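In the two complexes below, chain A is the common chain; its partner is chain B in one and chain C in the other.
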Partner chain A sequence: MESQNRLWRVLLLALPILVFSVLVIWPLLSSFYYSFTNWNGFNRDYEFLGLRNFAKIWTDRLFFNAIVNTTIWMAAALVLPTLTGLFLALLLDRQVRGARIFKTVFYLPICLSAIVVGQIWIWIYQPDWGLLNTFVKLAGNPDFNYAWLARPDSALFAVIVAWSWQQTGLSMVIYLAGLTSIPSEMLEVCEIEGATAWQRIRRVVIPLLTPSTVVVVALSMINSLKGFDILYIMTGGGPFNSSDTLAMHMYNESFKKYLMGYGSAISVVLFLIALTIIGVYFRQLRKVDEIYG
Partner chain B sequence: MTCILRRGSLGTAIAAPLVTAATLAFADGHEVTISHYFTGELGLKAFQEQIDRFEAATDYALKDSPVGHEDFKTDILVRASGNSLPDVFSYWAGARVQFIVDSNALHPIDDMWDNAGLDSVVAKSVADSATMYNGSRYLVPFNYHYSGVFYNKAVFADAGIDELPTDWEGFVALCETLNANGVTPIALGSMNRWPAQFWFDYLLLRTAGPDYRARLMAGDASYDDPEVHAAMGMWKDLVDAGYFTENANADSWTDASDKVARGDAAMTLMGTWITGYWNGLGLVPGEDYDFFPFPSISEGVAEASVGPVDGLVMAANAANVDGAKAFLEFMVSNADVQAAWSKAQGALSANVNVDPSNYNSVMLRAFETVAASEVFAFNYDLATPPPVAEVGLSMFSRFMDDPSKLGEILAQVATDAKSAFEQ
Partner chain C sequence: MAQVELRNIRKSFGATEVIRGVDLSIDKGEFVVFVGPSGCGKSTILRLISGLESVSSGQILFDGKDMTRTPPSKRQLAMVFQSYALFPHLTVAENIGFGLSLAKTPKAEITRRVTEVAKTLQLDSLLDRTPRQLSGGQRQRVAIGRSIIRNPKVFLFDEPLSNLDAALRVSMRLEIARLHRELGDVTMIYVTHDQIEAMTLADRIVVLNGGRIEQVGTPMDIYENPANTFVAGFVGAPSMNFIRCRVDTDGAARFGPATISPARPHEVSGDALLGIRPEHLALVESGDGTFDAEIELVERLGAESLVYLRAPFLEKPITVRTGGKLGLSERQAVGVLVDLTNLHVFSPASPAPKPEH
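Right, the complex of A and B next:
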């Protein structure tokens, strides 16, 4: 009976392992393999180039452009939703009227797909009749028609704002949950001792919210690394590569220029960067665990 | 017993997909798989009608999987990389077909072409430019488009314009008149980059000529050459003079077409597919809108027409070779099929036996213009290999963003294009 159960466990585990292997491990290994070739997606008789694709990366100005944009993207995707989520949580944690409605409203964007969020913000940014420019026009600039997504100076930041708008709800909910675990007596004592509201937040609330911050940062980081779809729908990495992140650059090289081998080399570099970031993060996480148990 | 049943269920669960896959794989030799990018309401309906006709006329059954125009480019690459191309798929003649022919991913169709006598069916200019690759035929032209200057007739009339320009001076004067009448002369929606390419195509073709352009497209000339500087310089003069709508990179081609249709702008340089779009909005060809060919610029330069040719190609590893060839032949050689298709799609037929009276007045003139042209040239992104086209398309949107950086842009593109050709 025991051996039969073990057989079933193996069989039942085999399916998810098989799915994971086929959908994750195999493509990952394939990317490594193709990164050493000049495969274009169509040709079966590709050649092995050794490390030439990786050498090319260091002379590719668009790759470095993508590195800079990815750094900006990740930094902003970590900082903006975290800070705005914390701010909203602190605001709504006080017993304000309609807090429940506000919580629902602020959380709603996270339920939408990135494609829908992207489309909403494309309309908001539309230069002639978009919401943003309409407000600017009403504020006394009737000829204002700045094309937020079509100008290289603003395209990436415009997408970051849209992305942060969507992600803020998630941070807010996690911080709200964290705030409920802070004993109100502790804050009352601080108040009696003469601590100002800002001192209470800075010295008591924020340190006690560290476990929540760890979760928020982890989710923001993972989501920002995955953040391809909203860029794809809003700018496609444009105009002229100004909002290219590494993922976008990899896509453009692979699927628009048909350089699958080179695209695979970029994906390997992206994988190593992600692995490093996640490694550093988990190391820090262990330290936090040691402190907070 | 329970155990046997469990094992039986598990076995069935594992075996069922395998049996289904095997059944599908060996269904019969009558199934032909096809994928295409004609997914607009009219195009999809018209294509399905042709499929129905084909199935009624033959023993073959078509398994159709349409994919949206832009997504198709990625989809077909994904299918190719997975070694699962459909038997037949639509594709754009020119450098894109050349690219996959060079990758040995297509099946030659010389025997079918000869047996069906397609030399007497397909217009020679189209056959010469669109079907032959590396000495063999690979593509059956399905329809083609022509790019011209499409304009709003009411706007021109209101500005007192009763004569259409045939040369560059006339064109600039036309723009000036429209500007003076408070109408932006030219709408361009280069958000997706490709709509800007027709300006580069025509300016280069009309100044440096088709031979130079062919050399540039093949990597035998540089984007830093005086010919390219001259053509782009003329484009810059138009932008600097304020003849283009603002924020071109923020508009799609339909946004630009809407601006012309509404009268916010007077004209747009676009392919004949704009007629299908405008007709769908209720505009009447010849009454509400018309077109004129891109004006001549330099004397002694062959007058070229620019446009894409949509074709059908066959995968090198097609499972049903006979069925695929039968479908290709049916789609191009049947004049009724071609007439119905071109009407629905707002395209010109590649079949010389299609009665031109099937076209509306605008399409008929487009047909005559192409017929009278000395050269038919593919538009930029179909004339140069895909990795280079990506470089050039970005150049157009960068130029439209800041034309003052033209010199810097061309120097950069010359380097990037050279590197892309070496790949």
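Right, the complex of A and C next:
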């Protein structure tokens, strides 16, 4: 049983690993290579700089700005869609009327590309006639025309909301699947023992959803680290770098300033950060496996 | 006054009626076991009593009070499931104390009660483990611990031993019997498809078939006076032999060359089924018995042997339970002696029995 299981795991992993090698390992190695050069992205005559690109990172004010923004971005991307997804899943899990339709509606944004999602939210945030400001105006504030995406105070958070809106459907679906795998007897024990709805959710349902949470968090983390396109569409990292994340910064340095070598150095740092976070995370997984596995 | 009373309860899932009018009174402190084949509605009845499912019609009374619409938590009962339903993220102690902690009982009090219960169930040394680190028998004891800690008046068990291996099943059976004695006046309602559990644990057995009660009675009563062929065939292993016969006006049953007069009075006449348990038949020399037959197969179980016989006038082979060491071989002709004091006569379409009140 156990060894058969293992064989399957290996087989199922073989193909992805192959694809992964071609599409990920090769570019990764190239990045490492160019991070030691001053390549501009076009010419073949670049020089080796040793560690000078990495030294430059330490003096790059915008790099640290990007670190702060990335932290905020990731923390929000981790927490918000997870909580809203969980909330919706708990709400829609019961056999209420129209639950199916709501599930579909909430899942829909996941099927849209970041470009479409970004454009929808640009319209929502549009200062003069956007949905958001129209509501504020109707609510008794006729002169309101705050430009959500053009102000350094709000730009990053405005994109975070759009991102969370899209990602919620994903965590909702994973949690819905998790809910169906909770043995009904465990919920019946709650009913017989007299648990309130809140006690049932907090003491039994949420802990039993841990395997789903593990998946949701892993996906959110990976997606948010990659989360570049929606920022690119909505703010391009601006205004005044207020929504500049590491990925955004790397892009600007590489493709706007044609500092491909330096951009590669940033990407190497980003890669190492991602590796550390994911490494720590997967170590924690073993504990979960021991309890629920 | 009855602790639990079911009045003509019915339950349908969609168009299928699963429980078809069940009446039953269960006394305080009684151990009642529901038996019946898989799918006959045992679990459903238990879930109706617990309130996890609501009846389609009929009434459920606890202590004379109508509880038909009362939520499960207000019925002062506990339920033990076949799958144990322990919480994997909680320790043994936390699982046992689950109900108390929901009720916001002070921590010290919970600890005291958990320790007490754990001692009764010999779980004291396991309190810090999680369910995954326990064996099947230990898990079921934890589940029982979780149910007894709130001092419920009624215990519901849904096939609690079915997931255990044979040896553990025997020891847990004894444990449950002991628990019933020690807890005093608690009522236990126990569901099983295992007739040995039913026979050994029950004060009263309820035989269920197709959502109806076939018979209610003490284990020996059910065994010795089955009300119909279903009960007769279901209780007892190996199963009772049924032989087609004709009953004369004098009460004697005839089949093949044999004529036998059951010692006990009965009211069946005409076409009938003669019911004889395998232990009420004996093998003798050919020609010396009530009728002759040929051995088809001998199963040697050690302490006893099961001998399967056939004869031209028997529709199906009949089973004889006999001593362990026998010089019998297949195809051998033997005589069969029938114990006339333990015969059952059923009319071929055995009427459904009246439920007991």
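In the analysis below, the second predicted complex is superposed on the first by the 268 of 293 C-alpha atoms of A that agree within 3 Å, B and C clash if a C-alpha of one lies under 4 Å from a C-alpha of the other, contacts with A are read in each partner's own complex, and residues count from 1 in each chain.
Following the convention adopted for this analysis, a residue touches a chain if its C-beta (ideal position, glycine included) is under 8 Å from a C-beta of that chain, and two chains touch if they have at least 3 such contacts.
All of these numbers come straight from a predicted model, not from anything done at the bench.
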Side-by-side fit of chain B and chain C on chain A, or clash: fit
Partner chain(s) touched by A:V116 [first = chain B, second = chain C, both, neither]: neither
Partner chain(s) touched by A:A274 [first = chain B, second = chain C, both, neither]: neither
Contacts of A:M260 with chain B and chain C, given as first, second, both or neither: first
First, second, both or neither for A:P127, with chain B first and chain C second: first
First (chain B), second (chain C), both or neither touched by A:A99: neither
Three-chain overlay, closest Cα atoms of chain B and chain C, distance in Å: 51
Residues of chain A contacting chain B in one complex and chain C in the other: none
Sites on chain A touched by chain B in the complex: 4, 11, 38-45, 126-128, 145, 147, 149-152, 238-241, 252, 255-260, 262
For the chain B and chain A complex, residues of the former touching the latter: 3, 10, 73-74, 77-78, 80-81, 83, 99-100, 102-105, 191, 193, 246-247, 249-250, 386-387, 390, 394-395, 397-398, 401, 420, 423
Partner chain A, residues of chain C touching it in the complex: 50, 52, 71-74, 77-79, 81, 83, 85, 87-89, 98-99, 102-103, 130, 132, 146, 150
Complex contact set, residues of chain A against chain C: 183, 185-186, 188-189, 191-196, 199, 203-204, 207-208, 210, 290-292
